Every structure is written in structure tokens, then in C-alpha cells.
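Take this structure, written in C-alpha cells, and hold onto it; I'll ask about it next.
Order of writing sets the labels: A, B and C. Residues in every chain begin at 1.
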Amino acid sequence: MTLIDALLQFLSDPMNWSGSRGIPVRIVEHLLYTFVALGVAFAIAFPVGLLIGHTGRGAVVTINVGNAARAVPTFGMLLLVVLLAGIGFLPALIALVIIGIPPILTSTYAGIRGVEGSTVTAARGMGMTESGMLLRVELPIALPTVIAGLRSATLQIVSTATIAAYVSLGGLGRFVIDGLGQRDYGEMAAGAVFVAILAIVLDVVWVLLSKVAVSPGVSGRLGKIPKTAGRTTRSATEPA
Amino acid sequence: MDWQYLSSNSALIWSKLVEHLYLSITPILIALVLSLLIGLFSVSFPKVYPAVLALSSTFYTVPSIALFVMLPGIIQTNILSPLNVIVALSIYSVSLLVRNVVDGLRETSADVRQSALSMGYGGIRQLWEVDLPIAMPLIFAGLRVATVANISMVSVGALVGIGGLGELMADGFRRNYLTPLLVGLVLSVVLALTADLVIVTLQRWLTPWAKFARQA
Amino acid sequence: MLFDDPWGSPVIEFENVTKRFDDGAPAVDGLSLVAPDGEITVFVGPSGCGKTTSLRMINRTIPVTSGTISVDGQDIATTDAVQLRRKIGYVIQHAGLFPHRTVVDNIATVPHLLGWDKKKSRSVALELLERVGLEAGMAKRYPAQLSGGQQQRVGVARALAADPPMLLMDEPFSAVDPIVRAQLQDEFLRLQQELGKTIAFVTHDIDEAIKLGDKVAVMQAGGTLAQFASPAELLSRPANDFVAEFIGRDRGYRRLSFVAADGLVVSERSTVSTDASADDVRRAAGDAQHVLVLDSDRRPAGWLAVDGGTDASTAAMLDIGTTFTSSQSLRTALDGALASPTGEAVCVDDDGRFVGVIDHIQIAKYASTEGARQVPT
């Protein structure tokens, strides 16, 4: 029996679509872990990133932490936290939050830092308060970078949440881990396919959100620019 | 921390470290060659690039564990074959590197391009002597990210029995035994940082001009 | 022999050359002109007038749509593009140096492409480095370690490396500050006096065009040639309103740069020597407010105000300002007069000895005579 056949067989069994171990519940669980972890990571990393970006203080530490974090294997990190804090939702959540923080922190910092000095000087010169400047000038300009960080964090969290089934959590990883353990390759493949689709859908959501939220003046999506003196100007859109 | 574990299992630790290195670096070498070819192709035929980009970013989005377990069904390997991990990580690395190769090859400024053309450059020679050297810093930046990411991701392979140091981590977790878990974790971090350092050193040696160009 | 070529002293000729964009709009429209051999022909005009396009058609980095460009009578369309380019030095705004190569390797680029041996390329490159006014110590640096002006000098050296008979220069001095730009222009003119290359030069700066050009092609929007003339003719007889407007308001004054001062009739002036007593000074001055003080070689030392009891040796003298010789321009003479405390410009001979004086009114009168309106060609 091929993997595809096994997959189709698993998917066609109505038993797998209902109950607390059914596919819909696992999807909701997976989304729940992702959103909660992402939300907590954002609540921690975003304000800190804004502050560091705006003041420039602690920048070196941030960059180094961000780089070092990439070197830590998420798998090992998850196992370590759960081993130390015990099996359960909260320890796994803590691990997912820890994984989500560095991309959000470094991209928020980088986005704010990347705002041109002259723009900030102009805003200050017009008498904007520091917080007004941060929220109404620096943040809108930094938004594409901040969202890119959120995208990257989402990706990491969705991926690690799958592995979290190994430490007894629910979610789509359950199918993968259980399928592997029981040599039920149909179940395993179903988990893999759904988690891949989930990750891709969430990624697309971020791309769309970025298109809606980012000012056209920042993203460069200004539509057609009329020709002047026989020269054509291409707008700088880039598929993400 | 149980130091006894280290001495009595040094052969195992060493072999897992070597395996980890092999599983993470082989895909980098494969991906470097592939992404250079795909990158050159994309630069020569810009119309294919959006498709290349869409495909690579889709692959990049798929969680590693999903790819590890789906690949055997696609490439007809045994589910416990190391090839699955190597192929999966090669796909990730290509996804990451292609963008850097293309951006790098497009890094040559219009002024430099025009003067190269005007001095009689063109074709392969311009690519080899001008565009590729100028692309090096960005290609190296991609190599660094991909290498560190690979070294982290190999551990996930422990779930399908091929995980290098990840197997030590999983072993420690299963036995509720902190030492192997910590050993695997720390060695993986050390490996990642060392590999990064090696690549940075190689880059400084190959592109001595880049540190000045960044300041300019 | 550095360079073996069929064009010892080439003339570049545009014959009814048109370049259209893909959408059909003309970038260059029916351009016909002859860039004389061994001279600097400047293409000047506002942005989008097709001047850079015209330049790039010469080395075939932009193909012509219709018409022919020939070098010494040979249609460039019949030559091999790469071979052609290696015979034409090229200098660009921001220099376009290779960031990954050292200065010396940048200069040696074309010799390298031509397959010269390394030692010869390097020695030529080092020689050129010195020739464009850079220290030998710069050879090992990378472009990013140089200032904009230094990069531009390297750019010129690189263009000259294979000793090409022609140079194309596209706004080479536009990206540097005005003081450095003036230096680079002066050195460039000096270099050209030694080299005598056929040079096509693009700029948007009419002052630069007038300063550097032996011939100036003023181009206007739509890629048409508004006027092709010497700088002096351009200033005295702009072909149309566009050219007059483009040259600017003070063209009458700037035209004086191209009129020789040899037609000026200078007058005598009472002078004293540097050791003159107060009485000598008063006697020499007569009714005048100032006397001119000359040193023992009869070179002007300064103006002395006659306001009681002053002798030349102790009094503070007023600055002489700019002196001029009969081979310099009316502009130099007028400038000297306007800067002088007495309104008089001091004329000296080639050894700097006093000849006479002339005031600004006389200079202006002369400038408006027929003789001064004759345009040198």
C-alpha cells in the first residue's frame, strides 16, 4: 500500500473526522496553541523591540540574543522546558513563547531602527511627542518588517507545536507522532499534510494582512505611475 | 548534570556529533550548487523568478517534521532513511539560498554594470569576474542562515530516528534524564556557532573588500 | 606601442541618428554632428534630452534605431561591439568602479581584458594612478575606502589604461562637491592637453560644458539638437530661446571669458617705488586719490591711498587684486577692475611687470564694440 493510498484511506474514514481526537478538533487545538503562543510572545517582544528600536539602547544585546537564539534547536528547547517544568499545556506553551520571541523582537527593533534619521528628525521638529512619533511615524514605516517577524514567528510556532505532540500535547502533531509510533502511515501523512496546509494558510494570511495594513506609500504599491518624458517607472512590488 | 555519562558515552556522543554535522552540512553543499544554478537561470530568465520564489517560499513554510515524514512517500525511500532528512534540508536550504543568490546577482549597480559593458565585458566572463564576486556577501549571508537553521532542524529528525544530536535529546527526554538532553542541546548550539564562525572566516578571506563596502 | 589601432586620431560623426524607446517615443531624434578629432565635444541639456543615450550609442551599449555613427568614416555598426568598446575609454558618474577589486586592479581592467601580461598591466596602472594625481599608496585600497573625488580620478585612470584614442565621459564630475569638481575639471583639461584624445562628454551643467568643451551640443527634450557650436558662439549667439534660457541670464558676462584682452588700450598711471617718501607720493598722485606702488622689478605691489603724510615704505597698502595680461580674457580684466579699490584693472606683461591700467567703464565699452563681438572659432 502506498503512502497516498494510506492517506486517502485515513481521510475517508468518517471516524477520523469526529470526536475529541478527530481532525477538526486537532486543527482547532493547533490553531489555539499557535495563537496563544504568538499572542504572548508578541505581548512581550513587541514593546521591548519598540523601546530598543526607538532609544537605540540595548541594541547590541538584542542582535546577539536574536542571532544566538537561531542556534538553539527548537526541538531540544521544547524537550528541555517540558522535562524541567513537567508535562502539560503550560510548559509546552512556555517553550513555544520562547521560540516566538526572538523573531518578533529582532524584526521590531530592526524595523524601527531602519526608519530614516531625517524622517525622525522632521517628526521631532514638527513638535511630535516621543510616543506620538513612535506610533504614528516610526511604527507605520516599520510595519512591513514587524509583520515579517510575526510571519517568521508563526512559522516557527506552528512547526514546533507539531513536535509538541511528542511531549503529549494535542494538535495536528498528534497524528504524525501517533502514526509514526503505530506504523499507521496514513494517519502520519494526514497529520503532515494538514500541518503543511495550516502553515501555508497562516503564511498567506500574514501576506494579505501586510498588504492591507501597510501604507501604500511605504510598500511601494502605488499603482501605475504616469509616464513622464518618455520614461517608464516600474513600481517596486515583490512577491513574498 | 551527570559527568559520568560523558565519559562512558563519549563514543556515542562523538558519533552523533559527526552524524549531525553530516546531516546538516551535506544539504548545504547540495543546496549551494542547486541554488546557484537556479539563481543564474532566474536572472537569465526573469519571468520564471516569481514562480521560483513562490515555490521556494511555499516549501520553506512547510514544517520540517511534515516534510520528513512525507518525503518517503514522494521519493520512495524508507521512512527511516537518512536521505529523507538530507533531501528535506536541501529543499529548505535551496528555498533560502535562491533568494540570496538572485538578490546578490542583482546587487551589481547600474553604474558598475554600464561600465563593465562599456569596457567590453559580457556573458560568462562578466558573470564570473564581476557579478558573482559582488554577489558573494549576500550568498554568504544566506549560507550562514541556512547552515544554522539546518543544524537546529536536524534534531527534529530524531522523531523519525535520524536526528544526530537530536537522538541524544530525545533519549534524555524519554528517560527523564537531563544530562543527555543537555549534552545534545549544548553540542548543537556549539556546532551551529562554530559553523557560523567558519563561514564568516571564509567570507572575510574570500571577500576582503566587503567590510569597506558596507561602510560606504 | 601601447595600443595598436586603426584610428590614430578619430573623428566621431553622427548622421541623422535616431533612437526610439520601445513605446516609440524618441530618445534621440535625427542627431547629426561631427565631434572633431583630439577635441572635447560636450553634450549638454536637461534630464531626458537624450544626451546620455547619444553617448552610449557611440560604444554600442545602446543600439541606434536609424542613422549611422561612424568613427573616422567607419560605420560602427560594422565593427565588433566588444572590440569597439575596448578602444573607447569610459568614465561614468559615481565612477562605477568594481567594489571587489583594488584600485590598481580596477585601473588595469581593460588591459586585463585585452590579455596583457600582469606585470605590464600593473606598471601601466601605477603610472596612471600618479598621472591622475593619486598617491601610489592608494593602489592597494578598495573603492569604498576612497572619497568621491578620488574614485572619480581612478575612474579616469581606468578609462585611460589601454591608451584608447577616444573617451566617453558621462557626468564624470557631477557627484562630487563644487570645490573638488573645479579641481577635477582643471586637471582634466591639463591632462587632455597632453593626451589630445577625442572626447565625448555629457553633463547637465552648462557652466561645465562651457568650461570644458571645444564644441558644445545643446540638446532639448525630445532628443533634438538645439545648437552645436563653440562655447563662445553659444554665449554670443544662442540659436533659439531654449538655448538662451538654458545658458542663463549672465551669459553676456560669461561670454567675456572667450574674448582676448589684447584689444584693450591701457593708460599710463602715476606710480611710486616702494621706498617713496610721503612727499614723493603726494607729488606723484597729483589730483588722484591713489597711487600704484611698484617694487624694484616694476611689479605692482599694491595701491596706496593719498590721505596725508604717508610714505610707501610704512603705509598699509591696499590689495592689488587680480592683474591681467593681454593674452588673458576680458573677463579676467573686468574682474580685476571690479575687485580693485580704484576701479582700475592692472595690466602686466608676461614677466609680471607693470604695463598700464584700464577702468571697468573702458573695459565694458570695449566689450560692446564690433571687434570684441567677433567670435573666435
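Following the convention adopted for this analysis, a residue touches a chain if its C-beta (ideal position, glycine included) is under 8 Å from a C-beta of that chain, and two chains touch if they have at least 3 such contacts.
None of the values given here were measured: they were computed from a predicted structure.
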Chain-chain pair with the highest tally of contacting C-beta pairs: A-B
Chain whose Cα centroid lies nearest the overall Cα centroid: B
Centre-of-Cα separation between chain C and chain B, whole angstrom: 55
Distance from the mean Cα position of chain B to that of chain A, given in whole angstrom: 21
For chain A paired with chain C, centre-to-centre distance based on mean C-alpha positions, whole Å: 60
Chain A contact footprint on chain B (complex, rising order): 50, 53-54, 57-58, 60-67, 69-70, 72-73, 79, 145, 148-149, 151-156, 158-160, 163, 165-166, 169-170, 172-173, 176, 178, 181-182, 184-185, 188-189, 192-193, 196
In the complex with chain B, residue positions of chain A that touch it: 2-4, 7, 68, 70-77, 79-80, 82-84, 155, 158-159, 162-163, 166-167, 173, 176-177, 179-180, 185, 188-189, 191-193, 195-196, 199-200, 203, 239-240
List of chain C residues in touch with chain B within their complex: 56, 59, 61, 82-83, 85-86, 88, 90, 92-102, 109-110, 113, 142-145, 155, 158, 168
Footprint of chain C on chain B - complex, ascending: 109, 111-122, 130, 133-134, 136, 207-210, 212-213, 215-216
